[in-house]
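Chain nomenclature is as follows: A, B and C, assigned in order of appearance, with residue numbering initiated at 1 for each chain independently.
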Amino acid sequence: MSDQKVISLITDFGFDSPFVGVMKAVIISRSPEIHIVDLFHNVAAYNVDEGGFWLTHSYHYLPKGSIHIAIVDPGVGSVRRILAARYDGHIFLAPDNGLLHQAFGGQQDIEYRELDLPRLSDLLGLPLASATFHGRDIFAPVAAALAAGVCEFEELGNTYSDVTPARIGQVIKIGNEINGAVMSIDHYGNIITNIRGKLLDGHENCTVECSGHRFTIKRTYSDARAGEDIALVNSFGVLEIARAQGRAADRLGVNRGAKVTVRFNKT
Amino acid sequence: MSDQKVISLITDFGFDSPFVGVMKAVIISRSPEIHIVDLFHNVAAYNVDEGGFWLTHSYHYLPKGSIHIAIVDPGVGSVRRILAARYDGHIFLAPDNGLLHQAFGGQQDIEYRELDLPRLSDLLGLPLASATFHGRDIFAPVAAALAAGVCEFEELGNTYSDVTPARIGQVIKIGNEINGAVMSIDHYGNIITNIRGKLLDGHENCTVECSGHRFTIKRTYSDARAGEDIALVNSFGVLEIARAQGRAADRLGVNRGAKVTVRFNKT
Amino acid sequence: MSDQKVISLITDFGFDSPFVGVMKAVIISRSPEIHIVDLFHNVAAYNVDEGGFWLTHSYHYLPKGSIHIAIVDPGVGSVRRILAARYDGHIFLAPDNGLLHQAFGGQQDIEYRELDLPRLSDLLGLPLASATFHGRDIFAPVAAALAAGVCEFEELGNTYSDVTPARIGQVIKIGNEINGAVMSIDHYGNIITNIRGKLLDGHENCTVECSGHRFTIKRTYSDARAGEDIALVNSFGVLEIARAQGRAADRLGVNRGAKVTVRFNKT
């Protein structure tokens, strides 16, 4: 085992601005022996739910002990809190705006701290935080300090329990229906939902509906004819609507946030 | 000399999904002391030929001993094989769909192995592979094992020779004509072909044709007037059609796959 | 303190070509123990001023001793010089086309060298430079040599003073008016100017004008109503025009290079 520490980043900063680069510069300046992994920087702008969704579906590919910065932060500069969370051997830093609740809302064994910024500023020599770029001024140096062992999770601030709820709620299963939502559109135009494939276990015959379209479930893209729209349980274990070698989202006019319904038919 | 191992990545995953990030997370989890180089993630979606083209034109900038993952994989989840190749002191992993043939088709001293997935699953503790994300479930852990010395090239599987041919074939030179194809469009809208500049050596007076347009060959972008379309041998040693400080591909309506003809005129 | 060396990159290469990847491959091949930080690769194509602007606003987040490659290079292949600069404990490499003047034009304690390419080719074993990709053939190996201690700043070439001036000049303050320019549009469509917030100190009541629109100054995005356009001093200390959770640049039709005027009103 290596002691190489990892900081991962999920943001809606994109690569078409130097914001990601500058955050990484701050991390490296304070913790030179770090591995930084860009998990995802193209969360749709301000889409807190998509950020939380990808955080929960990607963090666990990194080793335990990793520190994950997740920033989708329409309220930056307002009075919103910044939280740290410890769960499953990983540490997470995010604004308290529903992102962490979207990621880990149903978990019992998660521990939250509210960042005590005046104290951390003294302890870590933080710069005077700008009103609009807490990623650089707070998240990056705090993560670097955790990675370098300068500061422990318990020192970040008081425990906290009143976490802001996610805007898109949990998937609901009532009778013969499961109701979920579109969380992300991927590079290929595939439509990714929050409905876990496990919920479909044992139901051979079911129909997926979204934005007025209806789909049947197949195993993989290559089981579809070219241009056919299908539903499948994707590699992250959730229901996805895809078009073989085509862009389902563009073709069907489906956006993030759209309602998705699975109906179990009588067999 | 350093023993720092390098894994490079060429994919059509883009950065607008977390697929690249998750692959890198898997690699780092299994081989922490690795340098990962993102050679290129914006191969046009499903364009196996463009992936192979850039692989052959970029791998050799990394040190011998590097491991290169190249994934453009419209058939993921079907029965297509996964191949490893050893050539020029480098190791390559790619689906058997023409990508490696596009990259190295004309080479004699290349050695192929077909990944023996059941055996590698045991040896390396691979997860049960998803039907749609072999980059994460197979390519990343196998490359990490090679980099970490856990597994040798010879252990990957049996030798293999029946490599799937590329869709876009070799450049053909007949009489006074060379026929090739557009392989890529770059960030500046330059049109990049598979016609090596060496084929033009000794021919002072030649004409380039593509999509009904005709071009003369100059040495560099700065030899053209603003807005003029020219052909030149680019920095990768292949013929390129460019517009000085403009976007030739957009202006001329040229796409990947278009035919390109060079005519040697009598002098 | 760690001795980990850092090379940062600012270019207009984008990620939709393998140019950045290949440059990093060359750096790693020559200096394996390096940290490469992608500060920014989406400078608008050929926009030398935006490149210089972001260089000056981002380099100092990296440790002293870092080496910064900044390439926006419409004249690549022509006779334009390549410069190295030493300033504030950092080293910079860029084409002599106004980029460094835009970044550091007003500074006294900056030292320039003109790269002596024939000599460096011998000393470092540079490849025969292509006409169109000096990033790979010159900038990357020279930066790697500096990082690895193979070559010192003083050995790069003769001192140089006749630096090419920037196209977009310094901000001018005359009477009650400050005149500047739009330097960049960020990922959120925010309009970023070269007018430093310090110039506004002590002026409570001022108006910002750009492309026929007028704005008032607020502290942060969250002080604006949804859809309201505001001006604020952003996290890089310069005046920015923004729309709360919207895209100001698209909505207002403002592009890079547009004139920006601040008027101090009588109070």
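The definition used in the following text is that a residue touches a chain if its C-beta (ideal position, glycine included) is under 8 Å from a C-beta of that chain, and two chains touch if they have at least 3 such contacts.
The structure displayed is predicted, hence computed values, not measured ones.
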For the sequence-identical pair subunit A and subunit C, what is the superposition rotation angle on Cα atoms, to the nearest 5 degrees?
120
Same or different residue numbers at the subunit B/subunit C copy interface, by half rule
different
Subunit B to subunit C: how many Å between their CA centres?
31
Each of the following residues of subunit C touches two or more other chains, namely 15
Complex contact set, residues of subunit C against subunit A:
2, 4, 6, 8, 10, 15, 35, 37-42, 54, 57-58, 61-63, 184, 186-188, 219-223, 232, 234-236, 245
Subunit B contacts subunit A in the complex at 12-22, 24-26, 28-29, 32-33, 45-46, 74-78, 130-133, 136-137
